[in-house]
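Next come two complexes built around chain A: one with chain B, the other with chain C.
This part shows the complex of A and B:
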């Protein structure tokens, strides 16, 4: 006999986005449950670097989301302290050629107008910010709002602080629908949870959850590898990457793109990531990808040529065709809310996503217009 | 055989064998005899692997064979391989990834310099990478003087040194008798062998035992030697704490119940200046797991590669032999190496090796079942015992990750506590973390890089590098 318990909302997915949805929904006074087929942070969250970036986003809805998240992360850091390893260390984007510097300055000017803090850094000043940078770089832009958290810890602590009931290691097998098709609950392998609202925060596997509600959400995986060096003294102070990264993030190409984001961590290892490939859920290690990451990192920080790469890990970013996440009420199914498809920005965008979903769940007006993120937009195109 | 430090370059081998222990040596020998061109890669400088570990020539050991079972077999293989023009021995090659394509490309590192990168290509690949020791932590296990059972044997075999003068041997598994016997023969005093199981499990496998007379003889030989040296075997007991400040000075040994829970009040102190401890072996299968090869969970809760009757894994072109298919000892590894070579060459399997494999696999299953850690062994792990010694993560942190933060397996515990993120990449603490997390046991670990690689070598273009 299945046990039946009632909630105001059930969140599917115990990654950082699901945890943030639970956190803000609980804060808004709702009784919440979180269900995941695996443990906390078992999917893309656990394979992420923990980038909280505004620097890589062009003006538009995703940047608005990132700017809101920047503020929210600061508040969360005050609440969680060192436990989530939040570091407001800033990002440094460097140009690798003079033409690239002009493009970078142009890009930064647009961001500045949209509310981003961006400071041009002359070639001679780069070493003051990052003493180990390579010779001969033409200049860069400093983004003080860029920050870092340890993503698995962030998800786990958000989830714990939410006080939500956790049903981990239980896959969702069905969504219950009532008269008029409205959501009435969730069925897992072990129990049934009654709720008038379900939040799909299943990340890369969000398409399958949407399908349980009979709707299409074309979330696809984009593979990434991250290299981890041996523990080192602090030789990289910020998040440092070459200006080509922005073009890679926005690229629609299926081919391998990589421009390494290089950064130190409180525990010592330097992280070098991440590549972007559309190869489905293929887990096979690609030495070519590792080569490119290593070569790019060494080009930025030649000192890294003398260290050992201790391990590598991989993950699958959830992306939607227009590279924007799906956030908010799904007009096709009453009671269904989507919160997935954040690609490589899920850690950064999680708090804003959670807050906006919570607003909708309690019937309040969200901070800003969610229409660019509306889940049903891919049906309209066809 | 050429011992080579040069690159494969345009040469393509019919077979690359990773690991030059019993399985790899036998496979390379048999494959060459069948006309295949073979690359034999190993992380070590000399042939033999862990099992045939032997003193460096400069130590001038008069009789290295004294420390070994089956030394004659090794000597014979070594001589035959030395005379085999078809086999290239590539020593000190740490293979960090095997890449599948039209043929195999093995990526290896031979040292810290940029030029120490190596690439070897071959049509077939045999994984004979052996196993490493399973450690179950206990209070005091990081004290100097505490060594692994296999480590104690390795010190003796390769360096002709003892880890101490009064050495307690503890843990579980047939290796303990062999280790205690070698240590005693080399002049150490062994006050006790502390074996966690009761060996009762063997009783249920009498037909299997009868089919393995050599194994019985080997056991009897160890037993006789131990008796001669006055070594006492304490069964159903475990070292639950090691004492000392700068170095181990004593251990507390407690009786265990059937689930390996220490019996309260049964602790007894034994003075010693070293402890050699191990709980069996874990197959070293990272390279194959990374390729998606199917695994099985053995009776003692470790992951091993699934192979068919021809030693083929589920990955086309990838064979496995010896401990990678489940720990079973040197004779089994030798037989499986020969069988794999015949399969690679497309030749029918020789009957003798088929028989050895059948008998020894049966024996291995029996041993694995008898020595599987009981579910309650974590009872002796106090909250402040470091579980992961690389990253210094105490059991308390692991337990909190499970009870407070929603971890339910070793991977999530690692993400939340850093247990398993250090140099050994969880080889030391993996089994313990898996148990403490309450997650599934016997699942393979994921290690996309099977060993550390100098960044300068990764940064080199991905082409065979020719010296």
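This part shows the complex of A and C:
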């Protein structure tokens, strides 16, 4: 006999996005449950670097989300303090060739007009910001709004602070629908939860949850590896990455792209990303990718040649074909809300996503127009 | 009873390693960790945040607790390194890379 419990909303997914949805929904006065087939931060959240970036986003809807999130993360950091390892350390994007510097300056000028803080850094001043940077780099742009958290800690503390009931280690097997097709609840392997609203925050696996509601959401995995060095003192002060990274993020190709993204952590290890390839959910370690990441990072920071890499991990970014997440009420199923497909930006975009979902759940007006993120947009193309 | 007698071991002559500059005997085939243990030394590193003492724990290369600086290279696992004549083991403070800090 299944136990039956009632909520105002059930969030599927205990990653950082699901945790943020639960946090803001509970703050808005709703009674919330979070269900996940695995543990907290067991999917893409736990495989991330914790980047809170505005620097890699061109003006448009995703940047609007990122700027709102930047403000919200500051508030959350004030609430959670050091427990989520929030570091408002800024980002430094460096060009690796003179032509790249022109492109980077052009990109930054557009961002500046859209409300991003961006400061050009001359070649001679790079070392003052990052003493270990390589010789001969033509210049860069400093982004003071970029920040970092420890993503698993962030998800765990958001979830705890939400006070939501948690059902972990039980997969959702069905969504209950009423006579008009509206959502009435969630069935898991062990129980049934009644709720008029379900938030799909299942990240890279969000397509499968949408399918339970009979709708298509084409989330695909985009694999990335991260190298972890031995513990070090602070040798990289900011988040530092090569300007090529922005083009990699925007690429739609399934082939391997990689560019150096380097950052220190409060725990000591330096994290080295970032690779992108669409190879399904293949977890096979790829020596070729690891080699490229190491070589690119060492080209930026030659000092890394003298330290050991202790391990590598990989994860699967939830990729949607237009590189925008699906956020908000799904017009196809009353009571279904989508909050997934954030690709590599989910940690950063989680608070804005959670807040906007909470606004819709309680019938308030969201901070801005959500139509670019509407979940049903992929049906319209066909 | 001496464990060497228990197993009837007939090791070759001891060589000498240096622990923080002090000579310590090491038998052929002993790891640096084993030589230090045999000399009564149990700790050769301090932790990064609390400054607490650390030495050999698993003894088989898995736990990375027995790290120390060997011949100028930090973060070497003493439980895996055979003691060679003249090896200089230095107590390691924290990550052992303090010189790289900016």
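Everything below uses one rule, namely that the second predicted complex is superposed on the first by the 382 of 382 C-alpha atoms of A that agree within 3 Å, B and C clash if a C-alpha of one lies under 4 Å from a C-alpha of the other, contacts with A are read in each partner's own complex, and residues count from 1 in each chain.
As a working rule, a residue touches a chain if its C-beta (ideal position, glycine included) is under 8 Å from a C-beta of that chain, and two chains touch if they have at least 3 such contacts.
The model shown is predicted, which means the values in this text are computed figures rather than measured ones.
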{"item": "Touched partner set for A:131, first chain B, second chain C, both or neither", "value": "second"}
{"item": "Chain B versus chain C as contact partner of A:39, first or second or both or neither", "value": "first"}
{"item": "More chain A residues in contact - chain B or chain C", "value": "B"}
{"item": "Touched partner set for A:230, first chain B, second chain C, both or neither", "value": "both"}
{"item": "First (chain B), second (chain C), both or neither touched by A:307", "value": "both"}
{"item": "Touched partner set for A:284, first chain B, second chain C, both or neither", "value": "first"}
{"item": "First, second, both or neither for A:195, with chain B first and chain C second", "value": "neither"}
{"item": "Chain B versus chain C as contact partner of A:295, first or second or both or neither", "value": "first"}
{"item": "Contacts of A:210 with chain B and chain C, given as first, second, both or neither", "value": "neither"}
{"item": "Set of chain A residues, in rising order, touched by both chain B and chain C", "value": "230, 306-308"}
{"item": "List of chain A residues in touch with chain B within their complex", "value": "14, 38-42, 46, 152-153, 156-157, 159-160, 166, 168-169, 225, 227, 229-230, 267, 283-285, 287-288, 290-291, 293-295, 297-298, 304-314"}
{"item": "Complex contact set, residues of chain C against chain A", "value": "48, 75, 94-95, 97-98, 100-102"}
{"item": "List of chain A residues in touch with chain C within their complex", "value": "130-132, 230-235, 237, 268, 303, 306-308"}
{"item": "Complex interface listing, chain B residues touching chain A", "value": "97, 99-100, 105, 107, 112, 114, 290-292, 391, 401, 404-409, 411-412, 415-416, 418, 421, 423, 425, 439, 446-449, 452-456, 458-462"}
